[in-house]
């Protein structure tokens, strides 16, 4: 199968999954039995004009199939409804929330990947030794800690030293853009650190396993037989090959990170999409829930596709 | 025992898990105090009478931990049961029959896999209402996919084995073959997967409890962490209300992970020699006189 | 005179449950320019381990003793450190499953050039040219250099592995069952090429195999190994026609199927465990000609003819009732 055919196939599959996800989203929130969920016009404290507008927009007095069609149409226009909580368009609220989540998650995952791959590789290289056992068991420990509990532990440890809630200090006047950035970064330390600590363990184990697998391949013995130093064997042959399964597994796990950040954002009151989901649940803000859920599902599909593409790029055997 | 020597991690995991299970079973007799009764001031500090201190309601933390283990582990085990039965069943059917059945089932599995677990659990739990059984079902309905995939792969390879083909040619029914040939082969992997799933189920229970979606009247490690957070244990400086439930959960998850991983390694005896390591082979200085008979 | 001489090679492997496996027990070897030596025996007899030990390609749980003299200098003296400089430039190896001997994510050409550039034999354009020459020499088109390993057939990969082994013009070439995984016709062709190249470059060839037709085709001398020890050594002719060890007799005396690639051995029983010290001759339990002495005392490695040695009591003790 030629390369571009493979690509087209994977993208097509992803598109199909997106469509199913969108439909499932609709079913879950609008077509499921139960009045509370499907009746979007029951916006608390809504004015009659708003109710009328909603009814018109989402066809709430029409059949489910009509609603589905309207839903798709509105989705194509980027209209995800109105949030019950603040009467703002869901797409706007989500945009802001995602904008807050992404930097924090990005920082945490980048650190987790770097530390994880490094410790995993070292553990594999010094297999059976102290470095291996130490790295592996510490990784397992952090992997076992409940995320929210880890966040609370960091809170306890750093309560006086670092900001523990919110994204910015509400009482500070950050006049310059740089002051604002510094403020945000200070607030980002603990949540990102929690994410990094909770994630890295899994990556250590993945990297270690991949490297051990690679080191037992015959071409490693051949490389050694050719007279390469152990370091050169690892750098030129083993690492590149171990990177293959590591990269794809890491990419796959990233799709779920944004959803998993819910716990962290709740502990640290970080105004991101995770916290938005949580608050939407508390406030029974169904349009917001539906929109957030859709975004999170799409992120999983996106990262699965990225994992596929990376694999395609890295492994010449794939075009077979 | 040889097991302890060869795989200390597995032994440690098994022992730890057994201890916690025993603790949960004999909770009533192990608890020093009634976990529902106030025995001191709110956030009382740890003392000899109360080694783990008191929580936000003045209840003894140690008793709470012991009692809480019950719910946490019951939910974990029950959810895993759902996931294993569902995932194992789908995996076996899919792997054994192949063809269209396989394709359809795998597509469905793929779609379930794409859905982010925690958000979905949150939404379902929120919509259905907080109750332990809802939690169990929700967790189980999302965790089955991992089991299904793993079991399916294994069943596919077992199916190709000679004795299965022979049984088919003799005319044995599918059910018989599955029960007598496929299942025993797949069982160890299923066990390993189950144990690993328990770890995830317990993790998910704490997450859902933390977000207020579990039964608030039930005492579990997850709700304990939630109470500590919601009732400002942190700002009160009462770390003893936060640390123990987390430690308990972590220990159980670690134990499951070590045990599950060890079982999985044992069923997959791929003796791969590492061709490269930091240490090199050793040299024995050879003695000038030949030590072997010449 | 001899390029490579091995004396008293012993290899032990640490076992995970404690104790050691004595995989190679006192092996000697000597090859000169143009020699073609076979190492023959059942799987597990230690022939591959012995050969790998000569290039120091053993895992960390191995312990080695003995002397490996390359041009008279013991390269085993410092272990890995003293052996490594000689890899590929003096001694090269072709592995059994060339399938995996190549790194799947690099082109064949790049992997052949690698040792050249590493050891300074050639660089850049010169290395590329030499790579193409080598590939044509082993009988595959030079365009294979730009291909990935999975794009070549098994036979082509094995030839490419041979080309790679010759990249730095070694003087000794080790081959570990180089054609076992291939079909018979391809096998014969590759072996033919191997012999031709060995002659052309005056290589000393040491080949490990359990396949007797291969020994007959390729080697002029052979050492038969059993349970980590040498059982007999001599010219292939002598081993075929005047075997002086019961094991050799069983191996060589049966008419080999020249185009079959089954294991020709069908001796009942199995080799002894190597994690325990052995009393007497290791082959005694399976030997149809064993006498009482065989179970009690280890036979000495003694000459039984010109360039012909064996370890068997029957060569020094005449059993009662015989003759």
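Each chain carries a letter (A, B and C) given by its place in the written order, and its residues are counted from 1.
The rule is simple: contacts are C-beta pairs under 8 Å (C-beta built on N, C-alpha and C of every residue); 3 or more make two chains touch, one makes a residue touch a chain.
Predicted model only: the values in this text are computed from it and were never measured.
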Exercise. Which chain has its Cα centroid closest to the overall Cα centroid?
Worked result: B
Exercise. For which pair of chains is the number of C-beta contacts greatest?
Worked result: A-B
Exercise. Between chain B and chain C, what is the separation of their C-alpha centroids in Å?
Worked result: 49
Problem set entry | Inter-centroid spacing, chain B versus chain A (mean Cα positions, whole Å) | 23
Exercise. CA centre of chain A versus CA centre of chain C: separation in Å?
Worked result: 54
Exercise. So which bits of chain B are touching at least two other chains?
Worked result: 273-275, 277
Exercise. Could you say which residues in chain A touch two or more other chains, in rising order?
Worked result: 217-218, 221, 224
Exercise. Which residues does chain C have that touch at least 2 chains other than itself?
Worked result: 57
Problem set entry | Interface residues, chain B side, partner chain A - complex | 110-111, 114-120, 122-123, 126-127, 199, 203, 206-207, 210-213, 222, 225, 228-229, 234-235, 239, 242-243, 245-246, 249-251, 253-254, 257-258, 272-278
Exercise. Along chain A, where are the residues that touch chain C in the complex?
Worked result: 217-219, 221-229, 232, 236-237, 240-241, 244, 314-317, 320
Problem set entry | Contacting residues of chain C [partner chain B, same complex] | 8, 10, 16-17, 25-26, 56-67, 76-81, 298-301
Seminar exercise, completed: Per the touch rule above, chain B residues touching chain C in the complex are 2, 5-6, 273-275, 277, 279-286, 290-294
Problem set entry | Contact footprint of chain A on chain C as seen in their complex | 55, 57, 84-89, 92-93, 95, 97, 99-106, 114-115, 118-119, 148, 150
